[in-house]
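Below, each structure is written out as structure tokens.
Okay, so chain A shows up in both of these, paired with chain B first and chain C after.
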Partner chain A sequence: MSTLARASVEELAAGLAALPPLPEAEILRAPETGLVMVRGRAGGDGDAFNLGEMTVTRCALRLGPHIGHAYVAGRDHSKARLAAVIDAALQDAALHDAIMRAVVEPIAARQQSTREAEARKAAATRVDFFTMATMR
Partner chain B sequence: MTQMTPGFADRVLDAQASFRAILEAMSRPGRVQCIEARLSPPAPLCTAAAAALLALADADTPLWHDAGEAAADWLRFHCGAPITGIIKDARFVLACGAAPSLDAPDIGTDEDPQLGATLILQVAGLVAGEGWRLTGPGIQHEHRLRVLGAPADFVAAWARNQALFPRGVDVLLCAGDNIAALPRSVMMAEG
Partner chain C sequence: MYVAVKGGEKAISAAHAWLDETRRGDTTLPELSVAQIEQQMALAVDRVMAEGSCHDRFLAALAIKQAKGDLIEAAFLLRAYRTTLPRFGASAPLETSSMRLRRRISATYKELPGGQVLGPTFDYTHRLLDFALAAEGRDAPATPEAPADTSDVPRVTEFLAREGLMQRESMAETEPGDLTREPLSFPAPRPVRLQNLARGDEGFLLALGYSTQRGYGNSHPFVGEIRVGHIGVEITPPELGFAIDIGDIGITECQMVNQFKGSRTEPAQFTRGYGLVFGHGERRAMSMALVDRGLRARELGEDADAPAQQEEFVLYHSDNIEATGFVEHLKLPHYVDFQSELENLRTIRRAAEAELREAAE
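Let's look at the complex of A and B:
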């Protein structure tokens, strides 16, 4: 789900288009946008505090016997709907592996490489204060 | 969860229309209103009871019910109301089968009469113009209401509930898509 939530709407649509057609989805909770409070905690033993509010769009629908849910950041209703369709289809044992291969894993790999590239870029600018302390 | 059906087709307008129908029913006790929401709630919920809960219940209103697991899943998903097994803790009490007695739910206190629960009773039918004689606030002379499948000795139980005013429970009577209300201020006599 976190992979689907972080994917772009184009990636989800392309992944879904590559699959055999799915049954018509019945919308249980149409995509709706709201705010959720993001809570934070400083260190391991700090008190929880409210970091701020975040825009989230959620959707729930039924695909045959399976119910798919999606909570995605932002206001993109079509993305929440696509993510919920994929979430419901993933619960179908016959489709699960094919969807993992065709949709989820390529997106996960792309997200992983983006994260690593950003981490490398950030690591290149790291200053090691410990080293400066021992230079004296 | 596999039998889950959608809630209101139009969340905003259907909820507002249902709220309006309940408001009309509450302000004119004994007059039968029709809730025109397209809904397919799981059995044994009727359209009016389901629409009333969708319009009124939320995360702050604990709900007690006797409607079974499918209806509980549906109400939890669409209303977000916490389901309680203790009838005294509930703000809304939904009775599809045998109705609990009117003194079972919370009746509020003299300082906080608004804490009195709302009892949603599913009955077999509502017929205006005959049956019980209702008088009180919101009624100019007299309204009459016949409730098919009303609990036995309801008029005597209602007199005890009405004597508690301003404490007491309010009752919504639901049959199909029809709804009528008995706010705690209304006085009732056998017809």
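Let's look at the complex of A and C:
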């Protein structure tokens, strides 16, 4: 779910389009945007406090016998619906591996490489005091 | 007091039409898109999300466009919008030790686990206007990269706490008060104060934080740590019954390390001032941490006579949306009020003049 929540709607749609069509989903809760109160901790590790809200969109639907849920940051209704479809389809043992391969894994790999690239940029700005000492 | 006045509809609608025209500016220039604001005015977006107390980059960018760049007006628009949405619940408290760091610096230790990572900072720039930016179509040079270690970076405050030199924070695990649901009451518990400061006006927090450094409630602060980066938000929807990750938000955290002389029950040790804000906002997080420590004066048994230590004063005046509402309401018609003041003044003057005449006669 964390991979789907961070995916773009285009990625989800493209991933699904590469698969044989899924049965029509029955909407249990139409995509709805609301707020989640984000909490922090005083001093980083103390009492919880309310930092502020963020927008979140949720959706629930039935795909055959399986119920798919999605809660995704932002206000994109189509993304929440696609994420719920994929969540439901992943519960189907016959579909699980194909969906992981066609949809989830490529997206996860792309997210991982974005994260790694950012971590490498951060690492390049690490101050190396040791190097300064040996240059003298 | 002001009274409802009728009329002026035509003037108002013409004023708003002109507002729209001035927002667009010179039509021979391309119109600014919301996506451009979101990407290229990123720190303005961050400030509006923090003061609007709602993390949504697109909405904040749209609000900035609508407000013609007036960031307080934009935060006001965002606060107004959030009232139209239902609340799905609260997240698990963010564990900032596991955030993905873009920047992490400490002013208390030169070398520390995780190192000093500068990230994309204005620090060490020369603050000279860069006219090269005026020439459009220039690509930014490629950012250097280096092999990265992405393990969690421990907190500076934790090193000190393990040695017994840093006061441990209270871990009550009670439901924190929520300013969006209940009005402020005093004395305000620290979680409520932190919520208030997290969405407070940056200029107000900066000035108050600065005042504590200049001696108005001096707390001898050091920047233990500043962290800037992204973190996943987890919620536990009741229908699922387990925690799910709903996506990332950007945050900035500041741990201020402050002296504490000790009390009858506690030895001399360091205490924390804490700042946590949406987006990349170091000045804001640092100011929040200074003011948080100032407001802890009473609970730490210190004198509380400086402005930044007086919680009613600070918490009632930190919110720029409330403040702008009350200040700007003075523009609304106060005709009846003013007429009565005018009549009052004339009566006083007539009485005084009559007295003078009598004295002269």
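In the analysis below, the second predicted complex is superposed on the first by the 123 of 136 C-alpha atoms of A that agree within 3 Å, B and C clash if a C-alpha of one lies under 4 Å from a C-alpha of the other, contacts with A are read in each partner's own complex, and residues count from 1 in each chain.
Everything below uses one rule, namely that a contact is a pair of C-beta atoms (placed from the backbone, for glycine too) under 8 Å apart; a residue touches a chain by one contact, two chains touch by 3 or more.
Please read these numbers as outputs of a predicted model, since none were measured by experiment.
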{"item": "Fit-or-clash call for chain B and chain C when the two complexes are aligned on chain A", "value": "fit"}
{"item": "Of chain B and chain C, the chain that contacts the larger number of chain A residues", "value": "C"}
{"item": "First (chain B), second (chain C), both or neither touched by A:T125", "value": "second"}
{"item": "Chain B versus chain C as contact partner of A:M54, first or second or both or neither", "value": "second"}
{"item": "Chain B versus chain C as contact partner of A:G74, first or second or both or neither", "value": "second"}
{"item": "Partner chain in contact with A:A109 - chain B first, chain C second, else both or neither", "value": "neither"}
{"item": "Partner chain in contact with A:R62 - chain B first, chain C second, else both or neither", "value": "first"}
{"item": "First (chain B), second (chain C), both or neither touched by A:A30", "value": "first"}
{"item": "CA minimum distance (chain B, chain C), superposed complexes, angstrom", "value": "6"}
{"item": "On chain A, positions contacted by chain B and by chain C", "value": "32, 60"}
{"item": "Complex contact set, residues of chain A against chain C", "value": "1-2, 5-6, 32-56, 58, 60, 69, 71-75, 115-127, 129"}
{"item": "Contact footprint of chain A on chain B as seen in their complex", "value": "1-2, 4-7, 11, 77-78"}
{"item": "Chain B contact footprint on chain A (complex, rising order)", "value": "26-30, 32, 60, 62, 65, 67"}
{"item": "Residue ranges of chain C in contact with chain A within the complex", "value": "49-50, 53-56, 58-59, 82, 85-94, 96-97, 100-103, 110-111, 115-120, 143-150, 155, 157-158, 168-174, 176-180, 190-192, 194-195, 198-199, 232-233, 235, 237, 239-240, 244-249, 253, 255, 272, 274, 276-278"}
